[in-house]
Amino acid sequence: MQIDRRIIYLFVAIGTILPIIFVIGLPVSITPPVQMAFDRIENQLQKGDIALVSFDYGPSSAPENAPMADAILRHCFSKGIKVVVIALYPLGGLSEAVNEVNKVVAEFPELKYGVDYVNLGYKDGAQAAMKKMAENIHEVFPTDVNGTPLDELPIMKNIRTYRDMKLVVSLATGIIGEWWANLVNAQFGIPVIVGPTAVSAPKYYAYLEAKQMAGLLGGLKGASEYERLVVNSYPKLAEVYATPGLYTATKGMDVQSIVHLIMIAFIVFGNIVYFTSKRKPRKAS
Amino acid sequence: MKRQIPLLLTFLAGAIPTIAFFVPQKHVGLVSTTLDSWLIIVAGFALLLGVVNVVQMNTNKIKRQASGWPYAIVLLAGLAIMGFFGVAGAFDKFGGIATRPDGSSTPFDWLYKYGFLPLQGTMFALLAFFMASASYRAFRARNTEATILLIAALLVMFGRIPFGEMVSKWFPLATEWIMGKPNMAAQRGIMIGAALGAASMALRVILGIERSYLGLGKGE
Amino acid sequence: MPNRVHHAKFFSALPCPLLLLLRTKAVQSRGFPPGAFSARTPSPLILLCLFATLFFPFFSAQVEGQSSLSAGVAAVSGSQAAPEAVAAGGSAVGEESSAQGEMAQTAAIATQPAPPVVEGVTASDTRSDEGGSITVRWMEPENAKELGLKYQVLRTDKPDGEYTTVGEAGAGEQECVDRGLIDGQAYYYKVRSALGAGFADSEPTQAAFSKGNWFRFYRLNALVLLVVFSSAVLYYITRARKAKPIYIRKIAGLDAVDEAVGRATEMGKKMLYIPGIMSVDEIQTIASLAILGHVAKLSATYNADLEVPNKDPLTFAAARETVKEAYLEAGRPDLFREEMVNYVTYDQFAYTASVTGKMVRERPATNFLIGSFYAESLLLAETGQSIGAIQISGTAEVAQLPFFVVACDYTLIGEELYAASAYLSREPVLLGSIKGQDITKFLLIVALGLGVVLESIGIKFMTTAFRMR
């Protein structure tokens, strides 16, 4: 039995809209890959260590990747970890970096630009940039996003290569996240956490199991788990995440849960119809 | 010469980065990174070629009033408006390209935030609907392999949502096991095979055995 | 007990070579309607291995209580309690330290032993680098870790010059790399061992000079693999010219190309060829252009309408040349029109919107989705499926393969895409390269199996041999 696909679309649309209006607030369970990522930042990095956060996604996947970015940045800033932000995604990566950093930094008024965090902007040719940063990051990014030479920024004075950083976090759509794992970690040894979109997440398990990644935040679910972990560990962030009207991955998971149930229901229904229609000719004979 | 020069350039473009991977000499590395920079420059000029082609094609469509010609007007208008504010912003007109220091949006930034971003998000959101219709059509227990696929898909979909854990703690565990073991094994197998295929293809291209991408036919 | 963990490792690592083996076995037909799968029934032995692989680690982990899953879950529940424990311990320490700090410091200085002098200090050029770097090594004193010794590396460029600190190390470390030096210039080093306020300097080293090296020895394994792979490919290419035709298994997706072009011709509708969204520096795009040449030639021969919309400008330029040349080769240059191959836009989803709109309005009979795709793959494939077009897809993007498999009639998976030019042209040289590639894959499978066995019995040779830096 073929259902007109528009009926399926209608059910999915209802399943998407209703949980946004009537927030359910489903619980979030933590999975090992996300826990590994959290533990890396929480237990292995100390106050004053440097983390490189690379915005390798554009506006199309921002609903999935932006909550990850926010959670990672909030975690780093809460712990006193200094953050160097870059963007390697050509279409909108820089805008996303600027928007998310500005949004999160506004929640930490004690932070000083150029001392506690810096945005180096966008660089074309992601792979070439990654390789070159192993030699001298100042040559890849001579100035920050505002045009200030890196030598004038206190945070960048002692940062030359990956050796001066403790962690790379890539929030990625597409292949750039893979390059961080199979190129940068493999060749230069710096721990890498990747936050890919859900559709790309399955292929990252191979790198995670091979210990080429220190953690994985897969899609909106991964982002919601990380939000849960930071909220549990930092009470100040719990207040931030409780702000009305703030888009969070946890709220988005309500929608994903309902839509998953609708899809499962259609699949089961389709199989029931398939099997009953297969049996009917036998009964007739 | 039509054949030899491109093949020689291809050989050099492939051999130099390979040598730079093994030889740490500064000059070798410099040549390799220069090649990367040249690629970016060539791509920039090719983008110009692409824009000229878009304008040409759509102008012809409007002139001939071919099927769908009103869309061509919309396309050219979008190109012109966004391009104008982008170029003007690069010369510091209208306050620049990105957000102004006082937080207000430049025209380019406004068009990006309220035109481009919602359109991008909409297209990406279509995936959810298409995924639903594709799943409904494809996940039928027609044979053994399809049944295994169906069960794995249902387990993963159910285990990834909070409802799964509310029903039983085994669902998220099963999901993680499926993702971490059979899925990972299959992904690795395909990745290794594809990597070898890509390496073989790259070797053929570098050595000039594979020439079809140059538009060279058999015997050329 | 540890043996069961090793057995678990052995069986849980087995799927990889097994799946590779299954992939290289001859599957009679790859063509199947969306959602249906046909393959040879695996032998009982393979089923047993798969069962052991898939379920043994799960059950053994349950018995052992040591699976990564259960360990992960334990870590999850443990870590949620950890912050509170750390906070409680930290506050207790804080209260005591201020009262006792001064007395403790004075006492510590009075009773601290003098740091031992570090011996065996050598300085030499750092291997496998581009120059400007010297590695200083030393022999650590026996009780260094108990004492909590720290080291400072001092450098001067004159034998009796003033030394400056250029590096630091802690107990347990026995080398330090000094960078940013001038090649050919003499440098002298000392290692200072420090313990609290006291320190002791080693004897200065002989003059050391940095220089650029000619080979990265830590990538020797990659070179060996490259040589083995290239040798296999080149050997079979050479042999293919002289020997009988090389067998290549049936790839249904490529066999269906003729049928797909014929369908479009009969229906009088156009064919849409989408060569992926990446540029020509992506090898999948080059493979796609090779197939495009073949499709364009058929299109010229049958006088079918072909359109190739492009997302990347470089691909657009290459595709235009490919199609033009194919029409020329087919003897129908008059049928080629410039607007057949066009550039749409660089934005991924704007391109997708344009192409899906074209599909819905113009309803092509045949869609080719061959190349590198990302999130737009399902949008394109599902739209094509909804208009009833026959669809042949091919990509090496692992994440997008499931979408193509469920929505397209034929899918070229991974290396099948790269074998297409050889398969379609049947040129002996190209087929020889496929054979060489398969031989390398076979050697890799053997190495994987050997590595699994050795790793399971605690010999880590294969793991370290294949490690890449």
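For clarity, chains are labelled A, B and C in written order, and residue numbers in each chain start from 1.
Following the convention adopted for this analysis, a contact is a pair of C-beta atoms (placed from the backbone, for glycine too) under 8 Å apart; a residue touches a chain by one contact, two chains touch by 3 or more.
What you are looking at is a predicted structure, and each value in this text was computed from that prediction instead of being measured.
**Student:** Using the definition of touching given at the top, classify the network of chains in this structure as line, ring, star, complete or other.
**Tutor:** complete
**Student:** Pick out whichever of the two, B-C or A-C, is joined by more C-beta pairs in contact.
**Tutor:** Top pair by contacting C-beta pairs is B-C.
**Student:** Would you kindly tell me how far, in whole Å, the mean C-alpha position of chain C lies from that of chain A?
**Tutor:** 20
**Student:** So what's the Cα centroid distance for chain B and chain C, whole Å?
**Tutor:** Using C-alpha averages as centres, the distance is 17 Å.
**Student:** Among the residues of chain A, pick out those that touch two or more other chains and give their numbers.
**Tutor:** As it turns out, chain A has residues touching two or more other chains at 5, 31-32, 58, 60-61, 199, 202-203.
**Student:** Touching at least two other chains at once: which residues of chain C meet that condition?
**Tutor:** Counting only residues that touch two or more other chains, chain C contributes 68-69, 72-73, 346-347, 349, 375, 398.
**Student:** Would you please write down the residue numbers of chain B that are in contact with two or more other chains?
**Tutor:** Only 39, 120, 123-124, 127, 131, 133, 135, 137, 139-140, 142, 176, 180, 187-188, 191 qualify.
**Student:** With touch defined as at the start, can you tell me which chain A residues reach chain C in the complex?
**Tutor:** Residues of chain A touching chain C: 5, 30-32, 35-36, 38-39, 42, 58, 60-61, 91, 173-175, 186-187, 189, 197, 199-200, 202-203, 232-233.
**Student:** Using the touch definition up top, name the residues of chain C that touch chain B in the complex.
**Tutor:** 12, 15-16, 19-20, 23-24, 34-39, 53-54, 57-58, 68-69, 72-73, 128-131, 212-216, 219, 222-223, 226, 229-230, 233, 237, 279-281, 283-284, 286-287, 289-290, 293, 310, 313-314, 316-318, 321-322, 324-326, 328-329, 339, 342-347, 349-350, 352-353, 357, 361, 375-376, 378-379, 382-383, 385, 396, 398, 401, 403, 406-407, 413-419, 421, 425, 427, 429-430, 433-434, 436-437, 440-441, 444
**Student:** Note which residues of chain B are touching chain A in the complex, please.
**Tutor:** 33, 36-37, 39-40, 98-99, 112, 116-117, 120-121, 123-124, 127-129, 131-133, 135-137, 139-142, 150, 153-154, 157-158, 160-163, 165-166, 172, 176, 179-180, 183-184, 187-188, 191
**Student:** List the residues on chain B that touch chain C in their complex, please.
**Tutor:** That would be residues 18, 21-26, 29, 39, 42-43, 46-51, 53-54, 57, 60, 67-68, 71, 119-120, 123-124, 126-127, 130-131, 133-135, 137-140, 142-143, 145-146, 149, 173, 176-177, 180-182, 185-194, 196-205, 209-210, 212-218 of chain B.
**Student:** What part of chain A is in contact with chain B in the complex they form?
**Tutor:** Counting only chain A, the residues touching chain B are 3, 5, 8-9, 11-13, 16, 26-29, 31-32, 58-63, 92, 95, 98, 124-125, 128, 131-132, 199, 201-203, 205-206, 208-209, 221, 253, 256-257, 259-264, 266-268, 270-271, 274-275.
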